[in-house]
Each structure stands twice: as structure tokens, then as C-alpha cells.
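This is the structure, below, for whatever I ask next.
Chains: A, B and C, in written order; residue numbering restarts at 1 for each.
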Amino acid sequence: MLKEKRNLMLYKQDFEKFFRLLSETFTIFGPSKTDGSRSFTKIDASDEIAFDYENTKMSLKEFFFPQTETLFFFDTEKNEVKQTDVETNKHDKQNILFGVRPCDAMSISFLDKVFNANNPQDLYYTRRRKSTRIVSFACTNPASTCFCTSVGCGPDSETGADIIFFELNGRYFIKTVTPEGEKTIKSAEKLLNPATKNDIEEKVHLMKTANSNLKKIFDSGNLQKKLDNFNAPYWGKLHRKCLGCGICTYLCPTCHCFDITDEVIKSNGRRIRTWDSCMFSLFTLHASGHNPRPTQKERMRQRIMHKFNYAPKYYGKTFCVGCGRCVIYCPVNMDIRDVMKEIMEER
Amino acid sequence: MRQIEYEIINTVEKLFADKKIDIFIGYKKGTLSLQTSPYFLSEQDDVRKLVWNSFCSNNLAVFIPRIIPNSKSKESKPVGILCKGCDSRSLVGLIKEKQINRDNLFIIGISCPGIVDRRKILSRLDGKEIIGIDEDADSIVVKLKDGEKRFEKEEYLCESCLNCAHPTPSIYDVLIRGAVYSLQAITPDPITKDFSSKPREERWKIFETEVSKCIRCYACRDACPNCYCKECFAEQTKPQWLGVSKGLSEVIFYHIVRILHQAGRCVDCGACVRACPMDINLRLFTRVMVDEVKERFGYEPGISLKDTPPLATFSADDKQEFMTEPE
Amino acid sequence: MNNPYVPMPVRISDIITENEARDIKTFKLIFENKEDEKKFSFLPGQFAELSILGFGECPIGIASSPTEDGFLLFTVKRAGVVTTRLHRAEIGETIGIRGPLGNTYPIQDMEGHNVLIIGGGFAFTTLRSTIKYILEKRNRGSFKDLTVIYGARNPGELIYKDELWQWEKQSGMKTYITVDKGDKNWNPLTLPSPRCPPPYPPPTSGGGQRRGYYVGEGLKEGGRYEGFVPTILKEVAPSPKDTIALICGPPIMIKFTLPILTNLGFVPESIFLSLEMRMKCGIGKCGRCNIGHKYVCKDGPVFAYAELQRLPNEY
């Protein structure tokens, strides 16, 4: 951690210069106007960034943990594994993810616990993680579907970020969070001035308003305890309208379940890992035909329990950051906030 | 609208009071503006939470094969369900394909004025937060922090509703009549006609561009009442028909097979396109199948319980000019 | 750096068909690279992912004991895509292996105690590893009495037959072998059948006193039976005193075995089960094999019954 986090100011008219200086050493990705902020894409010029976006449709996880990833290539005729680019690929340039929402930044700190921890380490994820800096953008105007403050996150949460930006009137308030964050802005140091007392006050006021727009719907700490009741009656009802599709899990920034399969064309093959979802019936189906989670009831329970009960026990964190993607895109309006409320109300 | 809602509530209340049903599937207010949510209610639940408005978009027939698992068994009491024209057509399909038994259903049919496409409205709001919604016969009024916006329903209906030929259910036990959208339905659909008139390369390009957005969440399949297979070809491993990656060829394969499986069965309800999180224009391709089947075989699925689906029968004068030698 | 997803090459040096139905085979594997063999240090109870390029991977318990040098044994039932392909493999073919994965039977805790091993069907694999490990000369002194109860549907479905017949005769262990339904060759060995009440009063405790049950030349302890594993377990009633029980078998066997052990006086802390789940990564990342907040691949596959009682009943 950084001994002293610095508060710096950047005038908006200098942003273009700032961007250019950073792009000399970094490849910059961000929410782009061109794809309607569908996901983080490569940004070549500062004016391509969609600053006013709420959040990208696809979460940040796909940057570190893509939906399809080659673990290695192989030749079936020679019966030989050919190493993947994990070992060989050189990364001359480091990446910056610019304009990440604090919830997504926090989600990466959770995925780190799964993939980056030494138990054993996942090289594919770690490689990308090591070469990437995360620059967050505090949410001054959270969406009605956001519930980050209910799950220990917030519109100005710093967890997972190297640097966090706050948009003030005519200028950006920049806070460095990690030593890597400090190094990231080094080349643009001359554009930055220390924040004054007034700047800090303006920032505090701004975030106060943002925070007040976010209602705390439930307390995820209490929730974990509540959920220890595995056979609670609500599980028999909650799932009924669930269609069993994978939208909530695929758009979720913390869901990280995957499948490993082989793909072969003639003698050229690759072993890939692909996103998978606990909402699918085949997820836990044994080769013998036995399925420990035979209906949507068990599958929905698994998703909720994994996030709010199992993950806190296993990783010490609730695996939900309140980004609201599952709320927005669920085709039957299965609103996780409502599900939580219902669980909390059950005696 | 309110009047119809009362009628639905009264009818359902009576069904429970008369012990005719134990469970009813309708809609309740959603947690998001411009959206409702499927509502499963039993006698002890609040029947007054049932709603009827322009955002009752889910095809509720999708739940029926899941809660009535056996087509042959006669349940002690039928399941009550609210059906728009398209929902009832889906039920007809499920009955004809022997997935469910007509006796296991109590259908409250409702003549449907068309469903408003929430995404069309949202795209006009520049991300502004909606505070409230008002709805009258012809328009939706969206209240924003800085005023309100009026949307004429006619312009904002879902595409499948814009060209719906059967807004009134084809089967029902009770029918609640309301205003129906009065535009003349046209076959082929103007949108697909335009698509079909394009050269093959261009059609392929459009298809490819659309399905390349797919993230394989299978929401299109899972929202569709026709997709009741216990094990979908897309996930079968013995044999494996297609890989699980997001690669273009896999995605194309999945969507082509899904679309072809809908031939002569798709009722053009639009559930798939509304479920898709990636805004893939799925309806465009299934509607081509609908028009094709109608043109070739004069068949529309879901209209009658009696006629035989064209792909389940053979007639000597079936058109077969498409069966040509490969070029 | 070690990539946990890349399999190490191993050569199939022998294939043994274990059962009459011919759907259970044991594969003897030899590492192609000596360094890989050195790294592959394991204890009984662990498993590995067997990999066939173009088909995928499947998690299989290690059937050989770490005391058996120079090779690994895996007993595989033909079920899914990978196991079906594996059954078509020939001697000399190279496949892949990732591991060792998961935890082990509580070998350290078992030392200085009696060990009761209860196995059913083809899930006898890691238990074989354990038996072999205990019977190894330099280890045998660390454990007290060894009792093995093993059952299969019929005599043809018993696996590791040669070893079973050997264990029956071996001193220092009691071996009870049972089948749900015997055949011509099995029946004469079982007199009287445990289904008929014995002509003399049943002894009060200890398997060793049930000698009236065995027939057959040279058997020292134990015997052959007809009946389900839980029934035989009840019949032979091993003492819970100072004993740790290890169980691996089909769910139905486990379901009926646990209450009998409990009735015999075994505490949940002294019963260990090895579980199966659908798995992919085997290293606690892919998120599919959890029972509650435990991953079977990483925190298991061996769980104390006491721990399982605290976890959701979802396996």
C-alpha cells in the first residue's frame, strides 16, 4: 500500500495532453462512445472516452478473465501439448483501464482472491493483472439500479483501483491509491497540481450527494448469517420465475465459474476455458446421470449462497459489488435487491 | 387499462374462491420502470398485486412445461394462466407437441393491445432517471426529474406486436376483451421482406453482425416456450454438436439451429428478442421462418389445435423447389 | 513457472480389465519425464485429472499407493466422453496427468489407531491405495488393526480380485468381501449366508470372533458374504474403540452405512468419507464442485463426517 495517497488536480483542458502522455507508455482501454459502452475497448484519442456512461454492459472481468481463453494448443496426431502464450508472449506495453466504476474495480480485487492468490496461481489471469493499472472514476450520478452501499462498496470506493478520478467543476480531482498508481501518472506530473482545501471540500460535498442518492437496502453482514439456513422455506418460491439463462452470471463482475473443454479441427486442437454458469442444468450433472442440483430451486440457491454466504466464508468477502447489471438485464425482472429483502424479512 | 386489470383480479379471485385453481401465473409490477415481472400466486398471496399494462412482455407459456412436468398426467387442479394472443398460441403449440395437457390449464385470455418496447423508450431518454409512468389508451407518459415525455404507443410497440395478426387468444376458458391494436397485419412482415429482398451476401453479413454479439447466455432459448427440450443440442456432449466458446462459427451454428428448430413452430411473440441482453435482432430471422412457412404451406402455428404442423406431415404437393443439387 | 492447467505426459504401461461387465479398467501409468515423477508426491485419498488431448479431462482417484514406486494406478469406469476414450486406449499410448489434487485420508491421525475401511463398487480405488500404504512393511507398525469391508453387486464386479484373495489370507488384517448377489462359485464359500440366522449365538463384538462365517482354505480372519455392505458391517460389528473409519462408495451405500456406524458407537469425528462431484479445474477455481463453502476438489475429496454434517446436504 501507498504510504501517503496524494490528492492532485488536473484541469479538464489539460486532459487531452494528460491522455497523450500516458498513452506513450500505456495502452489505454475505456468505455468508448463507439460501441455504446458495451465493454472496455482500446481508446486511441481522449475524446473517444464516454465519460457520461453509467456502466459498461459487460463487466470488467472479461478483460482479465475472457469468456473464451486458450489454455494451450495441441496436436492430436503427434499427441503433443504446445505451450500457450502465457510463457512466451511479451508484453512491452502496460495497460491502463481508464474510467472504471468503483464497483468494477472492487470486483477485480475479489477475482484476485480466486485467480491471483498463490493456491496455485492462475498464470493467465495474473499475467494480465500484472500488466494492467486500474484508473477508477467515482460515480457522481449513480443509477437507480445501483446498490453498492448495501454490499460494502460505494460510489467512491478505492478498493481495487490504482488511481481514482473525481469529476469536479472544470477539473479532475485525482487521488493516487497504490504505488503503481503513482508510477502511472509520473510522466504527466507537470500537468498536475496539489489539491487545495477548497478542492477537497468540493470533492467531499460531491460524494456526499452521490452517497445520499444510494439507498442502503440490506446489510450483507446480517445476510450471511440469515443464509446459514440452507433449507429456508423461501427457496421453494424465489426461483419460480427464473428462466435458468446465464445473463446474471455472465454480466456479473464477480461470477467466475468456468468450464474446460477441448476443440479440435483436424489434428490442431486447443484446450479452452469458457465462462460457465451455475444457472445451467448441466453445470453439476455427473457422468453417472446424478445431479446434486436437479432443479432451478437448487441452482438459484447456489448463486445467492455463493455470493452472500459461501464467498464470505471462503474468501472473507461478499461476492457482490452492487453494480446492478443482473437487475437491469434479467428478462423476468428477478431483482436481487428484492430477493435479499425477502430473505431478510423471513423469520 | 385499469378496468381490464380489475376484471383480471376479480376473475382470479373467483377462481381461487371456487377452488378451481391452486396456482395462477400473471404479472406484477416490476422493480424497474417500463417493466413487469411474472407473478406466481397461490390463494394466500395478494391477488391485487396482479397488473395488466403495456409492459406485460414475458410469454408466460414458457413456465407451463416446467411446472406441469407430465403431459399425460391429469393434475388435480389446472394451473391458471393469463394469456395474451401470443402466449395462447405458444400453449397451442405445447399441447400439439404433447408437452402439456389442455385439461391441466385454466386460461384467462386477454385481447392484447400490443406490448411497448421499453428499449425503444429508454433509447429516447438519454439515460435520464425515470420517476414515474402514466399510461392511457394511446400513450405512455414518462415522468423525469426535469419534466415529462409522452410516447405514442403506436410508434413504440415491439416489432412483433406491430405486425400481429392474432392479438386475441386462440384458446381460453375466460376471455377478457379489451382494445386491440388495429393495424392490419401483413405477410410477409415488412421488416423481413426488406431483409429477404437483399442479396445473399448482404443477408449473411447482417446475420453474422447480429449473432456475433452473442455471449451464449441462452436467454433466447430459455425465454421461448418452444424450447422445452430437457437437453438442448447446444449443450449436449454425447455427441457434441458444437463447441462452447464464443467463437463466431460456434455462435452462428447455435443460432442457425435454434432458428431452424423454430420453423413451423415460432408464434412470433418476440420473447427471445426481449430477453437478449446484447440486443441481437433475433426476431428478424425467426420471422423469416414464419413467413416462409406461411407462404409455402399456408400454415400459421398456434391458431388451431386441430391442423397438423407442416413439418410433422407430408403432402404430395408440398413445394420442394428448394431441394436442388448443390451448386 | 508452473502452469497448473498443463498436463504432464504419462505412458500407459498396462491395462487391466477389472470386471465382467468390462466397463472398469485399471491403467498403469509411467511418467515420461523423471522430474514430473519427482514432483508428483501424494498420499492415499488424492486424485488427479487424466487428460486426453482432443477429448478433455476427468478427475480420477489415485489407486496406487505412494509406496508403490515407479508407476501410478487409476481405475476408471466408462461413463462420459473422456473415460470412454480412455477405455479405447492401448498399452504404450501417452496421455496426460495433472495432480496430485485434493486432500488425503487423515493418515497422520490414523497412525496409532485401528483402521476400518469400507468400500463399495468401483469406488474402492483410493481405499486400495490406503490399504497398500498401511500394509507396507515400514508403515504397518504405525497402525493397529486393519479391517476391510468391501462389496460389489456380484462377484464379477469386484475389482482388484487377485489382491482381495491375497488380503483374505494375509495375517494382520481382516477382510470381509460381500456381493449383493452371489453366483455358483460364490455361494459355496458363504456358509451360512448372513441372511440366515447363524446356528449359534452371535458374538458380541469384534470381527475376529466371527470365524464361523468363513469357509475356504487358508482364510485367517474375515470371510465372504452375500448381502449389502451396511448389512455385513452390522453383522461383523467392528469395535468403534480407537478406530477410524474410511468410507468410499456409491451414495446409497454411504447413506445406509453412516447410521450403522453411528449405532455401533463411531463418533462423526472418526468417520471419513471420500466424495465425488463434477469437476473441471481441480484447483478450486472453476466453482462447480462446491458443497456449501467447501470445494470438493481442494478442501476434499475427503471429509470428516462431522464436517459434512455442518455442510448443506447437496451432493
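As a convention for this text, a contact is a pair of C-beta atoms (placed from the backbone, for glycine too) under 8 Å apart; a residue touches a chain by one contact, two chains touch by 3 or more.
All of these numbers come straight from a predicted model, not from anything done at the bench.
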Centroid-based (C-alpha) most distant chain relative to chain A: C
Chain centroid nearest the full-protein CA centroid: A
Between chain C and chain A, distance of the C-alpha-averaged centres to the nearest whole Å: 42
Averaged-CA centre spacing for the pair chain B and chain A, given as whole angstrom: 33
Chain centre separation (chain B, chain C; CA means) in Å: 52
Chain B residues counted as touching two or more neighbouring chains: none
Residues of chain A whose C-beta touches two or more other chains: 259, 261, 276
Junction residues of chain C - those touching two or more other chains: 80
Contact set on chain C toward chain B in their complex: 80-81
Chain A-facing residues of chain B, complex: 30-32, 35-40, 58, 62-63, 66-67, 127, 129-130, 215-219, 221-223, 231, 235, 243-247, 271, 274-275, 277-278
Residues of chain C defined as touching chain A within the complex: 1-7, 9, 53-58, 79-80, 83, 93-94, 96, 251, 276-278, 280-281, 283-290, 292-293, 312-315
Residue ranges of chain A in contact with chain B within the complex: 52, 54, 57-58, 67-68, 143-145, 237, 240-241, 243-247, 250-251, 259, 261, 263, 272, 274, 276-277, 280, 282, 296, 327-329, 331-335, 337-338
For the chain A and chain C complex, residues of the former touching the latter: 71-72, 74-76, 79-81, 83, 86-87, 114-115, 119-124, 230, 256-262, 264, 269, 271, 273, 276, 278, 283-288, 290, 292-293, 298, 302, 305-306, 309-311, 313-314
